[in-house]
Structure formats: structure tokens, C-alpha cells
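Letters A, B, C and D mark the chains as written, and numbering starts fresh at 1 in each.
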């Protein structure tokens, strides 16, 4: 049994991670931490977990942590995480970090988009990027894994086969995504007040969303060359899921049959990617770690669609998929 | 043209009142006020009113008000309103007050449920209760009208014919209501954070909701004797509307035909009440000033249902209906 | 491993049952059947199961069934089920039947409410009623278990302690429930067309809902005497969950402390019932087999609330809980 | 008073048109028609209109129509409409047609996308295209006006200033739209069954949507040259509204200030277009005839957003705006 701690367990990704680990079979929750004001019995912090988990969420005690856990899911916010990850690694744990702090290899880009100095460059340099379908080999041996952002996960899986094969113009990619409202986290705000968000859909982060450079980094690594991506997120009136519609310009004509074959081959060994022959839908993946993809040609362009659950494949599920890989467990454990 | 001011225009009931008055024809908006931090052009405060209303929302200036308005819709919160209403009356306006401050005739009940001393008892004593279907005569000559609560409006209309005719046991009434989330007002909170409220329904105010004594007061006046009401509100994942399901015990057997006839007769002259022959639905009344009602016998009890829009018949629409009556305008003006 | 077949697997309860069994650990799916026009690969019939289950849904072949399964979850519709259950039993399987066909012990009541002659009275007479919290002993030895209706499950758990202890007037019970729209099943209809159901809530089955006699039967068995129940269902704009608000008249005064203590004791050994000290919410139980309950006194009456997921504790989850009990497996298997 | 008939009044656009006309002031409803099986009192066909409109919906009688109406809103389906419009014109009415039958000037394109022979080419040739912000002069003198599709309305307004000024590459336009579910019409179907559509979002009409050539036709007329548009619609879990996100490639660098100035100037005299300085949202335009627009540069591309109500500015409101223009009424009548 891999013993798992969740650092920063009081938010939505903490709750999702707990639910998955309760069904895991080869890993067990041993320690949950949060800020003192968010501590308490799991069933009090998350009423949907009443009776299902008897742990307490406690303030972090690194010594205790070192004694009870082999892996840490670090669910702390951006900028906070890099203050804790070095200590988790020193305590001898493998760390899967949910924040952006170890995702962007170019420190200058990180510092520009997150508006803070990076204080843990050494670990950043050696962190694996936790998108298993594209970087599984890195993850296998890693003790620090940067879990990707939700939008980059869906967007990258939708176009990776095209980039890998050099089939599209690298300055032509437009990613149009719609996320459910859980992506905003648990703190109430005006935009996500039910009477404002319900029956609504709107764009946000126009031109400045922090997932834009992350998508470009992944795309560049897959393509082996710089890729320029225009990423526009929107939020819609549903809890879970991200639908990404990705437009790109092929370098030469390609048929729908060739596209479908390419994608099916590319993902043939992947347990969590389903290449479909028609439109995907977020409801088909909500509550699962799956990514559904469809690709086709329209009027000389390629349009590829992906659907994921933003809290699972876009966060907690992928983190546990990464943990499974890093610890040599069956990749689908807890995620069936 | 009746000149109308809205005092406390920056909330949901302010916005609804503005929308109705823009279509009124016989009344015109002349003055909008709010707390200084909520002032600005109407189209900036309420993006859905951009281009539709060129007024500014300004801090209240009583002298200015006296010069530009004949009627005030006072949308201030409970406890705050009674500090302003006397000044509005002194300025020579007829006032329709949206708060609870002038609804409960028994000051002790008000002070218990609202936990504050009542500071304007004289005006309370002479305020008309603005539920036109039951108290139209009072409203006609009034210069202060207490606009009813949203739940009391729907609940009272659902059982008034039974109470008026003495057909039910006066200690048997149970009102089970479900409101949409706009009832919570515009300030974000944990319960109404979209990821919490969406796909959810829950009871609240259990045993202590402030509309319970208000329903009892109305019921008692209609019945001519004390009525005891158990009122239980719930909130569901939709913007607008209240569905009330009211259970009561008939004093003697009564047929469905008799019940339907009674209700149709009772409301035959009412422009905004529709007695239906099957289940009402909140979507049939959303966006309107109508109340749909259905009544039937089930297993020896009477079950009556009503549906209203909580922001219109339950607030702004009813206020303007009251204003129309008080100023001798056609009652349906602005509300077609 | 208990080998499980699902008969009538192509509807919502079939999909939920499959999802639970995929995580079960001590039971495995071996056979799925449906009408010929609804057969196909599981991932084609239910896109959310793509890649997760490699079985085919096939037309029922009783001989094949007998060879591959120990248990049958029979998800056929009312009236159809009683034509198949005898054959499933003859094939040597233990059967958990989701329909109403084996729930109502009084054949006359069944025939009145379902408007059909009962054709399998012998099995009806010996079927266990599958509400484990109230009838676990019956279930242990049964080879035919009638899985309860969704509304009766939530309503009965909300008042069973009161009935068992004789604390309420047996003619005073009113059950007011709101269900999510998945309760309507998978066939499109006008009422459940998204533009009609969204932003709506309405009552239905007024005075005639088939779960009324079922609730009365359960209540009567728990109380040891006839109980009269007025049951009024409503449907609201959400996928999953039932909130029941139950009103009853105590035979003598009782304190909130006594009520809470009574409920906590009554359900102290139950893995799936949580007695809470405040309002329950359907979102806290959605996706789980749990029932959350709160009970209190209001103005001389007792109001008890329960929340369940209609497709899990109200159908598939409870069926698998029953199967676990009947086969001597840990009751929570698959349902953590 | 302009006397208005609605032909095919029993669907969503009929209901919206009736609601607008009830508040119009300078036009009055005189005649409503539908297929015989959809006839009846307005309040029975549309419960939300109970008590608000006393007309009957009747089978069409052309002679009666000629005597009671000056204008016809023809809400018949595609392909059906062209069988009736000639008769409405012959009866002496001005016709605003909601179908696609008179929108596409190139008959071959119509016949390809709608898969039917066009049977009224003469009227097609002379029909005005009813998008007032772009073609108001045509509409003024017209007796047949083709009301645009909902997607083309929002998409065209979002990019017209760019096309008019020749600022973008004419083969670079990508329109990504999300509509609410009312766009599907009133007939129940599997995709729009509440448990399928709720909490979901998905693309449809991939590569084949009939609004693609319509957008290209409008864009071409505005630009004065052929424009190629990739249009991808999606449907989300809300009733009303379309959000369009339009990507295009500028022919030369342009600043955000220039873009905003261009749009504000272009639409300065338009009563129903609001150029905003931040993200629009469908909830800000739901229930209104307004179009909210925002335009900005992102990474070398222009991204323009528009939000409309699909049933109002995208259908019934725009039709009445067209009627107002054609009859010389104030353009905002009924639409305030």
C-alpha cells in the first residue's frame, strides 16, 4: 500500500483526490492537511464525505508527514506551493504538485505570468511534467511531478498527434475552451454567484490566461519546435468539464480517414483516451479520468475537439494517474 | 405621468422595477438612489440595462427627491427602511416599501423576528398591506404601502379562498415552498456559490423563517380568526420563481368541483391570478406578475399549489401593481 | 467473486449498476441484456462507459444466463418484470428486482395502482423488501428481493424511528418530495425537454402517485399498525437526488434533543445513514449510496428531512447493497 | 396601429413574438395561425400567456387574414415557408419570414444545404435581408423581409466593422458559437432530454451547419468580396442566448484603441448594439433585443465577441425590429 498525504486538502481538488483514494485499493490516505482555519473532521469539511472517511484534516506537521506517507499530493495554490515542495521532498516523499509552480520550464515566463519571483529553481529544473499520455517516461522515475493545468490537459491531447507528426502550421493553433464553474474554486465571488453564473456563459482571461504559455510549452515539446497558440477560455453554467475546440491549419491536405487513423494509432495504448468518430460531450467524461477526442477537416482547416472532467483528468485524477506511474502501480488503480 | 423614484436601486428588486417602469407608459422613472459605493450609470451597475436607461444612480438627496417624484419604491433592507420612510412621506411622496418594516402589525412579533426595536410605530400602524387581491381597498387610499414578502404572497393566494370561507381547520396549515436562488439577493455567499447551489436543493430557515408570522398575519386577517401556519422554505437551482405546496385539513368534506368553483369565483375579477385545472409550474409565471393556482383534495386533505415569480409578483411587479392602484392607474400598466 | 447479470441494462439504472460493479472488487459483471434494438457494445450504448467495460449488451438468453451468473439485477419496467423474474429464479439466480412488481404485498393495491393483473403471486408473497435499514434480516436469506422505489426509500428512512417508537399520529404523515429529472428515465418527453424542465419546478402525480401505497406499506410494517400517508412529489431542474420533507404530528411533546438521540441510536449501526444536526442537501449525497437525515420540532409538529441520490440509494446502489447482504459480502462493497 | 398576424404561432418564436407585441403600443396582434393539431386558446397552447392574450390560434384562412392584418410574421419551418409566403404577399401583407427560404441569394447554395428545390425564386430575388444594422435601407421599402438566422446575426455583428473596412484577411474568419438549448425548438429529442443536456456542452453540425453559407453571404456583402468563414456551433445547458467568439487575422497591425473606436463609430447610431470594453455575457442580453460586442487583439489576431438572445435579437425581436422599420414605426417599439 502506498501511503498518501494530501497537503492543502480543504479545496475541491482535495475532495476529489480523497474520493478517488477511498476506492483505490493499492494506495491509502494517511494524512490530510490544511490551514488551521480549514481543519476538522473530513465529514465536517466536506459533507459529501460524511461516514466515508474518518480522518481529520490537520495543520501540516512535516515530521509527522515523513513518518506516515510515501507520496504527497500537494494541492496548494500557485506561489504558495514552491514554499512547501522542497520540504516535502526533503522528508523523502514523492510529490505530485497541483500548482503551476513547477510546470513552466522558462522561469522568465513563469515570473511574468504569475508576477512573482520563483524561489525553487533547482526543483523546477528537474520536475517531470505530469501529462502521462505525452511524457510517461519522465514520470516513471520522478520524485517531483508537476501536474498540468486543466485547460492544457484537454487542449494538448486534442492536437498532440498533429504536432508530433508535423502536420499543422505551428503558428495556426487556436484553442477555444469552455469550462464548468468548479474551475473557479470554492471561494464565493460575484461572477460565480449562482444568480449571475446560472443561465450564463462568458469569456474571461482574454489574452492573458496563464494556461496559454503552458499549452505552448507542451505543444513545443511535442512538436520539437516553437508553437504559437491563441487560447481563449470561457465559463459556462455547469459544474464539471472542459470542452476544447481546437482549430489549426494543415501544412498539406489530409483526409478525415487519415486523421482518425493517426489519432487512433497515437492513443492506441492509452487507457484514458478515447478517440471517437463524432462529437464528444462533457457529460460523457464528467466524473471520470477519461479524455474523449474527435478530429475532422472543415473547409481546409482541422478542427479537433476534446472533453475532460476539469477536476479529475484536469486535476486530481491525473495526479493519481501520475502517482500510480511513479510508484509502479497499475495506471488505472482508483480510476476505473 | 406618475414620476417614480427608486430608493435603494442597486439590488435585484431595483433592477426589476426599472425594467417594468421602462415599459409602463403611465409612469416614468425620474430618480434612482443607492449607497455611494453602488452609484453610477444604470448601464454600468446593471449591464443588462445598457442603452435602455440613461439615468444615473445617485446618493439620496431628499430635497431633490421631493422635487422630481410622486412615488417612491423603497427597496432598502429590513431595519434600514424604517429610518428613511418617514422622510420620504414628509417629502410628500406615496411610498411603496419593499422591506418587512411595515408589514407586521404586532410590533412585538416584528421585534422578535427581526431582533431590533421598531422606530416608526406610527407609520406602521397606518400602512396598508400591499397584497391587492386580498386588501385592494386599503391600498387605494394609502400613502404608505407595505409590499409583502415573496413567500407570503404565493402562500396566501393559495389558501385565501379556503380561509375566507372558513373551510379549513385553522391550525392545520402547512406551507412547503421552494424558491429560486435570486431570493438570496446579489451578495455572494458560500451557499449560493454556483458549484454549491447548482444541482442542489435544500431546506433553510427551519422553524425560524421571518415569513412565517407574516403568513399567519395575512391568514388571520382573511379568516377573521387566528391561524397557525407551519412554513418551511427550500431553495432550488433556478433563478426565479416560488412554488408553494399548501396542505390543510377541511372542516368538512368538499369536492374538487366545489373547490375549483370556489377559487374561480374568488379570483374571477383578478387580472393577475389564474386558477388552473392542473399542476402549475414556476416557468409558466417566470418573468410575469401572474400567480397560477391549482387546488384539489388528496386523501381527506386539501392540497393547493401556487407559482409566482419571486422578484415580480413577489416583489417589484406587485409594488408597481400597488403603485398603479394607489395612483388610480390601470392596474396592469407595465405588467402586461 | 459473485457473477452478476443485469437484465434490462440499457436504461439509467443499468448504467449506474454497471459503474458500481466496475469498482466492486467482490462481484463482477458477466452478462448484460436488453431488448434487441437497445443492444450493442456497452461503450456505444453508454458513451460515458467507453473504454471502461468491454461487455456487449445482448438479447436475453436464459440458458446462457444460467451458466454465467449467480445474481441478476432485474432492471425491467413495471409489469414487464413479473414476466421474467420466475424464469430468472428457475435458472438458479438470486434476483434483485428494480420494478414495483414484487413490492406491494396487497395484490389488490398493486392491481389498482398499476392497472394490470398480477401474474406471479407466489413469488410476490415470498419476496423480501429490499430496504436494508428496516428489513435487513429478511434480505439475508432471500433469493428474490424487491428493490424499493426511490421516493419510498428516502421518505421511509426519514420517519422510521418515529413510527417504530409510536411517537406520531399515524394519520398525520405528509411527505413532500422533490426529485431530480433523471427519475423520469431516458425517454424524451415534453415535460423533460430541456427548455421546459430547465429553470422550472412543478408537482406531478397529484393524489395518484404509485409510491404512495408503497410508503404506506413500509410505514405500516415499521409501526405495526396502519399508517396513512399523503405523498406529494415534485420535479426540479437537476439531474440527481431526492429531498423529502416529512411533516407529522407527535402524540406527545418531544424535544429536539430527544429526537436527535432517537435517530442517532436508531441508525447507529447503519453504514449508509448519516443523522445530521442541520439541513441536508441533495448535493451532499449525489453520486453516493448515502441517506442524510435531519429531524426537528417546529410549532408543535415534527419535521424530518432526508436526502438521497435517486439512482443510487434510490435504485442501483441499494440493489447492490441488497445483493451484498444476500450473498454475505461486506455491505459497503462497491459503494464506498 | 399596425395589425399583425403570426403564421405558425405555436412554436417558441411565435410565443416570443406574441409577448413582444403585447407590449408594443403601435402594433396589435389580430390573428394567430397554426396547424390544426396545434390550435386552441393562446393561454392553453402557452401556459405562460394565460390571461395575457385572449386570441385563439386557428388554422390559416387566407381570406380572413387579408381582412384583419397588415403584416405577417411567418414563423413556418424551412421549406414549408416558401409554399405560403407568395399567398401572404398576394393577400397584400408585408411579410417578415423567419425561415431560411428567402435568405440565401444563391439558389444553388440553398438547394444544397436545405436539400430541396426552391419553388419561389422570384420572391427570393427581391427579398430584403432583415439585419437592420447592416441592411436597414433595403428593409425600409420592402414587403418581404428574410429574417436572419440566430447565429448569423450574432456572428455578423461581431465582425462587420472589420469586413467593411477591409481590415482582416477574408479567408481567416473562424466563428465559434455556443447557443442555449431553446435553439433546438419545442420538439423533444434525445439530445435535448433534460438528463442529457443538463450539465453538458457539445459541438454539433460539424462542418455542415446551414448557417455557415448564410454568414458567408452577409460577410461577403459587407466586405464587397468573397469571405470564407469556418463556423462551429455548440450547445450549452441554458435556455437562451448565443455567445460568439470570432477569430480573424488582421491585414496589418491595429491597436485595441483603434479597434474599439472603429466599433463604437460603426454602431454609434444603433439602438440595439452596445460596444463594451470588456467581456460580454449572454445573461446581460437574455430577454432583450440587444447585442453586446467586445473586440480586442490577442497575439497578432483579432478576437471579437458578441452576445445576443437567440429567440429575440436572433429571431422574434429582430423580426419586429424589421416590421417597425418597414412600417415606419419607431424602431424600438415593443423592444425597450
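Everything below uses one rule, namely that contacts are C-beta pairs under 8 Å (C-beta built on N, C-alpha and C of every residue); 3 or more make two chains touch, one makes a residue touch a chain.
Computed from a predicted structure; not experimentally measured.
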(request) With chain centres defined as mean CA positions, report which chain is farthest from chain A. (result) B
(request) Pick out whichever of the two, B-D or A-D, is joined by more C-beta pairs in contact. (result) A-D
(message) What's the distance between the Cα centroids of chain A and chain D, rounded to whole Å?
(response) 39
(message) Can you work out the whole-Å distance between the CA centroids of chain C and chain D?
(response) 47
(request) Report, in whole Å, the distance between the mean C-alpha point of chain B and the mean C-alpha point of chain D. (result) 36
(request) For chain B, write out the residues touching at least two other chains, lowest number first. (result) 198-199, 237-239, 281, 283, 286
(request) Under the touch definition given earlier, write down the residues of chain D that touch chain B in their complex. (result) 22-23, 25, 43, 47-48, 50-52, 199, 271-272, 274, 276, 281, 283-288, 290, 292, 336
(message) Applying the document's contact rule, which stretches of chain B touch chain A when the two form their complex?
(response) 12, 181-182, 184, 186-190, 192-195, 197-199, 237-239
(request) Mind listing the chain A positions that touch chain D in their complex? (result) 174, 176, 178, 180, 196, 198-204, 206-207, 228, 230, 232, 234, 236-241, 243, 245, 247, 279-283, 286, 294, 296-299, 301, 303, 305, 307
